[in-house]
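Note that chain A is present in both complexes that follow, paired respectively with chain B and with chain C.
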Partner chain A sequence: MTRYLASRLLQTLILLLALSAATYGLLGLMPGDPADLILGADPDATAADIARIKALYGIDRPIWERYLDWLGGALQGEFGYSRLYSQPVIDIVAQRLPTTLLLIGSALVIALSIALPAALRAARNPGGTVDRAINLVCFAGVSVPPFWFALLMIILFAVILGWLPAGGMRSSGGDGGVLDRLLHLILPVATLSVATVATYTRHLRSAMIEALSEDYVRTARAKGITERRVIWRHALRNALLPLVTLLGLDLGALVSGALITETMFGQLGMGKTIYDAIMGNDYNLALIGLLVAASATLIGNLLADLAYAKLDPRITLGREPGR
Partner chain B sequence: MRRITTLTCLLALGLALTPGPAGAQTREVLTIGINQYPANLNPSIGSMLVASYVMGAAHRQITIDGPDWKPQCQTCTGLPTLENGLAETFPSTNRDGEPSTGVRKTYTLKDDLFWGDGTPVTTDDVVFAWEVGKHPDSGVSTQTSYQDVLEIIVVDDKTFTIVDREIDFKYPSMGDFQILPAHLERPIFEADPREYRNRTAYQTDTGNPGLYNGPYVVDSVEVGASLTLERNPHWKGPTPAFDRIVVRAVENTSALEASLLSGSIDMIAGEAGISIDQAIAFEQRNADDYQIIFKPGLIYEHMDVMLDNPILSDLRVRKALLHAVDRQAITDKLFSGKQPVATTFVNPLDWVYTEDRVETYPFDPDKAIALLDEAGWTPGSDGIRVNATGERLSISLMTTAGNRSRELVQQVLADYWKRVGIETRIRNEPARVYFGETVSKRRFEGLAMFAWLSAPENVPRTTLHSESIPSEANNWSGQNYPGYQNPAMDDLIEAIQRELDPALRAPMWAELQRIYAADLPVLPLYFRADSYILPKWLSELTPTGHKYATTNWIEMWRVTE
Partner chain C sequence: MRRHRLAVMLSGGMLGLLAGLALFAPVLGWALGLDAEAVDLFDRLGPPSADHPLGTDELGRDLLMRLLEGGRVSLAVGLSAAVAGSALGTIIGLSAGFVGGRLDDLLMRLADAVIALPLLPLLIVLAAVDLTKLGLSQQMAEAETTSLIRLVLLVALVSWPTTARLVRAQTLSLREREFVMAARSLGYGTGRIMLRHILPNTAAPILVAMTLAVGNVVLFESVLSFLGLGVRPPTPSWGNMLTGAQELIWQAPMQAVWPGLLIFLTVVSVNLLGDALRDILDPRTRQRRR
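== the complex of A and B ==
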């Protein structure tokens, strides 16, 4: 297992290195550069101004040279300054990452705690009234565009009822404490949860229906094991595999954030930060944001693989099949 | 589906009937909503409109354009002029080494002006700001106004003389020359000028009151979300009406509107708020609960014409394009007439504006057809005109993708032009591609729709002078994107800048507008209006219509029940 883990971590590092080079190159290929953006809106900019700004930001040098500079700094823990925020990029990520983790983490937990019982209930009687109702709600959850749903929530709960704040992370002009922060989280978390609940429920329901029709479940029932035990100990264990795959992939989303929800509710998370950095030609910030997201996805996949082995004894890690 | 529709209708009805934010905020605090968070608050480095908006309340520069569009002192006691003896000319040389006339002008800072930590604002702050402004590595984007200052002669703590390389008619003003707190910023700048833009205290110690000399100081920031400003205890000007100003950034304009309706914010800034069509819809629903002010200003929406394109190089085609379109109907129907039709880039509110013998191109499809016939474009089998060689009269029209107002106008223009046999190829691009490459490097083929933000009596050197045509040779600087070259226009631009007497400048401006309207290097559309949505109880906020934000006079804002 240790060897397997070490090998996977090494692969991850190599992949991240390749990703950093590819991402840096792609960012460099994008039209416009920081000088264009800084000076584009200024009719008084002269040729000398443009040349000076390009030299100041180092964008007058070849991209590979800039990348090697960046890599040298990164290996020493120096990831540079953000052009947009004039702050070390690490500081910005440190400010934004917790918001996203809290926002998406809460949404994931809520989604799982609703999806799991809903899927189990639906799978027990496929085609029944409850199953059809759950399916309908899931279809609605997947189909509703998040920005529209977010707006609807704001209009209903903030404007008409006035129960919850329309946006932001805390109330104006002061620290309202934990309760205030929680109140500001309700609408964005609810918006994010809707689509996630629907997706997880649909996947888990299908997997459960399939698992419940397997021979080993029939055998377990024939042995007189209680239905509760059949579902929780036998069927669910196998049905969880596709959900684990989804969760592994969602770990990347946990870090890269939810752009639309963050924008609509004024939550300062990674999604908005990465988007703004890309659009604002903030190479350092975009790069580190994307790499953090990529690392989370890779780690999520690794954890998913470990979970497979735990859930399904037929899966062994680090060995060729048949040996 | 029906249930969803009913719910949506109920919500829309609820939105329409929702009362304003009465009682939601105390009057000690004014919460302002803006649509973007300012990146860098250093007044010399931050070039964003939203940064100027926030710093308008906390930072005062030497001179500014007033709400009457005339230059006025902000921290000085009087503008220097040749007439009052505070300015004098001297023989000088221009940047190219040719003989020219320079100017020495003397300013005195107000006695009762202090940074928020009680340190007086002095000439040392002016000299330091100049050192930063002209330093090649400081990160100041355009340095012309600093580099053209040859010397600053310090007379005493409050009085200094600026020695300018060349005199122009705007000489009494200091333009965008900013004052910086030398007692806090000099050590940071001198430690490493190259890193100054990142390490300036405006970024690293934003809540330090000593950075601000206006009626408010920035007390705290939540980067990306909001800034809280408190009264500057050392401000000696008129007492502001609010103890605290909170500026909250909500980037999605629908959410910004909802924040206003829910009482999370008190007002939406006109300078960086919601779009005009959104404001018009808001007015229809909420006019009883809010003051809604539409202020047309110096943002000039237009279409740059690629004059290298053989079709568009024909003046008759350019004239036909304008005659074919009812611009007044566009502004009436799409913008409730709030955005006045432009005849040239000069705003009717500017004193140099004239209508005297300036061609205006009213809606006249027959005339458009006649002009196209004369230019050799005759109707083809599908209604689109063709020339003798069979080439179709097909013109590309580009703008920023996702800009709802512009895309709407674009559709209407295409429809008008189709009626006279012109085919429009719409090809929009995201703003960063459009402005970063296509427009700035003259890669558009036909028409490029966008806007310029100018200043009162703004000489169009960078947009109309032949030396301002961007090319690889000049590192793509200049904004004469159409590639317009007219020696008469070049001469006028030079002459206007040199002419100090307004009475003599006025006829030159009139001639410039006549040439512009006759040559049509750019097709004028309309002047954009800013939409201010204010609570009923707020008064004395006067939109300027130019680049200096209303917050520059925030101490005059009052609460009236």
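== the complex of A and C ==
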């Protein structure tokens, strides 16, 4: 177990290192480095001027040398300054990460509290009218482009009904109270949770149907246990297991979703920060944003695997059968 | 089985209709006397009328024609990216499953990583790369075809793992079958066995994976174009037609409805078709829907 954990952590670290190197190289290929900007602003700039600018920003050196410099700094907790916000990038991440965590956390809670009852109801009578209806809704949920769903919600709740704000984190001139913040969260969270609700419901439904056909459920029923207890204590506990893995695997999709949601609704979280940083040529900020997003996802994945092994005594980690 | 036939007919019909409309957009435009490019600044955001069945956009261009033209681009990109992604996935899955050992380990770890990572931020970085810095000429880097090819490659790059896993699993079981052993004992080389004996037997899962991939790929394309990093204006695509829609949502909400509706219909049909195909081609999975 310890060995497994160590090797997984090592793999995660190697992946992150490779990712940071790849991203660093790619960011170097993006338009708009300081020399480009000077050239754009002043067409009379001479070759000597450009060389001076390049030397000033250190971009006259080969890219791998600059990457090693960055890595050396990063290992000491020094991630550089943001060009857009003139602040250490770490401070920006610290300010903005909570918004994303709030969004993703709320979306997960909403997704589970809808998916669980829906899946249980659908699995009670597979192929029945309710099951078919739930299936259809889930089908729509996984097929709808999230940003279009957001637009539809804005049209319905902001433009036509006028109940909810179309974007932003709080009303201008509002008191900034909790209620105001909550109202601004409803549409983003709804957008973010659509696909998740649908995916969870589909998986949980099929896991539940499978669990209900198992021998232990028949045994439980034969013992005369109430149907309620059979479902909640015997079937559901087993059906929830695959959901743990899905929870881990889905994190990446949620982070991607957060990028769209935050950008559309003007939520100042990590997703919008990454997008703005890439669009604004803020390399340091983009790099740290991508790495934070990737590490969070990978660690979530690892935690899900560990939880799975903890919950299911049949699984021993370390040797993966069938690989 | 009747339900599957209905699903195939419905989704196939819808896809055929969308593809037909997109394909014959120029003919339709000619017949209706409409042009997707014609700008009319005096008739911006116009309501539906006899001249413009769905109204006009923020530059006074005919919305219906833009939608049809956009469909050409979106569907072509979606289909090519799905084919490219599945081809990549098939090659990787075949090699991993047949060669096994270290290579298998490495490739499958890679697939795990691609599935787990937050793809959209990474795709945005890739989409923002300045091609002139990779040695392409200014003209080539800014050409419309280059940006479309880039988009196809990008989306293919993140959509291969599903196919790769399926093909690998199938290959692993096929590898031990008698006909493969027979081919081996006849002295055929690895390449020939992989191509002639294993590949044809993995056609069914590849077909299913590819169909389902089209849905995902169309979604990816639309998101990237929506964010301004996929298909670039003035070339219309369903995704980039929605880019400006949010700012105009108070004046012209329908602008935000149409392109998304077409994306939605495409993805739903493709997913429906893929699910039905899977159940038809592999009856064992019928109960255990994943």
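Going forward, the second predicted complex is superposed on the first by the 260 of 323 C-alpha atoms of A that agree within 3 Å, B and C clash if a C-alpha of one lies under 4 Å from a C-alpha of the other, contacts with A are read in each partner's own complex, and residues count from 1 in each chain.
In this section, a contact is a pair of C-beta atoms (placed from the backbone, for glycine too) under 8 Å apart; a residue touches a chain by one contact, two chains touch by 3 or more.
None of these values were measured; they are calculated from a predicted model.
Legend: residue contacts after superposition of the two complexes on their common chain; A:155 is shown touching both chain B and chain C. Looking at the shared chain after the overlay, A:286 reaches chain C, while chain B stays out of its contact range. Using the contact criterion defined above for the overlaid structures, shared-chain residue A:264 touches chain B and also reaches chain C. Contact with neither chain B nor chain C is seen for A:309 once the two complexes are overlaid on the shared chain. Once the two complexes are laid over each other on the shared chain, residue contacts for A:31 go to chain B and to chain C alike.
Shared-chain residue A:145: touches chain C; no touch with chain B. After overlaying the two complexes on the shared chain, residue contacts for A:165 are found with chain B alone; chain C is out of touch. In the superposed model, A:46 makes contact with chain B only, not with chain C.
By the touch criterion defined above, A:274 lies against chain C but remains apart from chain B after alignment on the C-alpha atoms of chain A. The residues of chain A shared by its contacts with chain B and with chain C are 30-31, 147, 151-152, 154-155, 158-160, 166, 263-264, 279. Those residues of chain A lying in contact with chain B across their complex are 30-33, 36-53, 56, 81, 84-87, 92, 95-96, 147, 150-152, 154-156, 158-160, 162, 165-170, 172-173, 263-266, 268, 272-273, 279, 281.
Looking at the complex, you find that chain C touches chain A at residues 105, 108-109, 113, 115-122, 124-126, 128-130, 133-134, 215, 219, 222-223, 226-227, 239, 242, 245-246, 249-250, 253, 256-257, 259-261, 263-264, 267-268, 271-272, 287-290.
Chain B contributes residues 8, 11, 14-15, 18, 25, 29, 31, 39-40, 47, 136-137, 139, 141-145, 194, 197-198, 200, 203, 222-226, 228, 244, 246, 248-252, 254-255, 258-259, 261-265, 432-433, 435-438, 440, 452-454, 462-463, 474-479 to its touches with chain A in the complex.
Looking at the complex, you find that chain A touches chain C at residues 11, 15, 19, 23, 26-31, 139-140, 142-148, 151-152, 154-155, 158-160, 166, 202-203, 206, 209-210, 248-249, 251-253, 255-257, 259-260, 263-264, 271, 274-275, 278-279, 286, 289-290, 293-294, 297-298, 301, 323.
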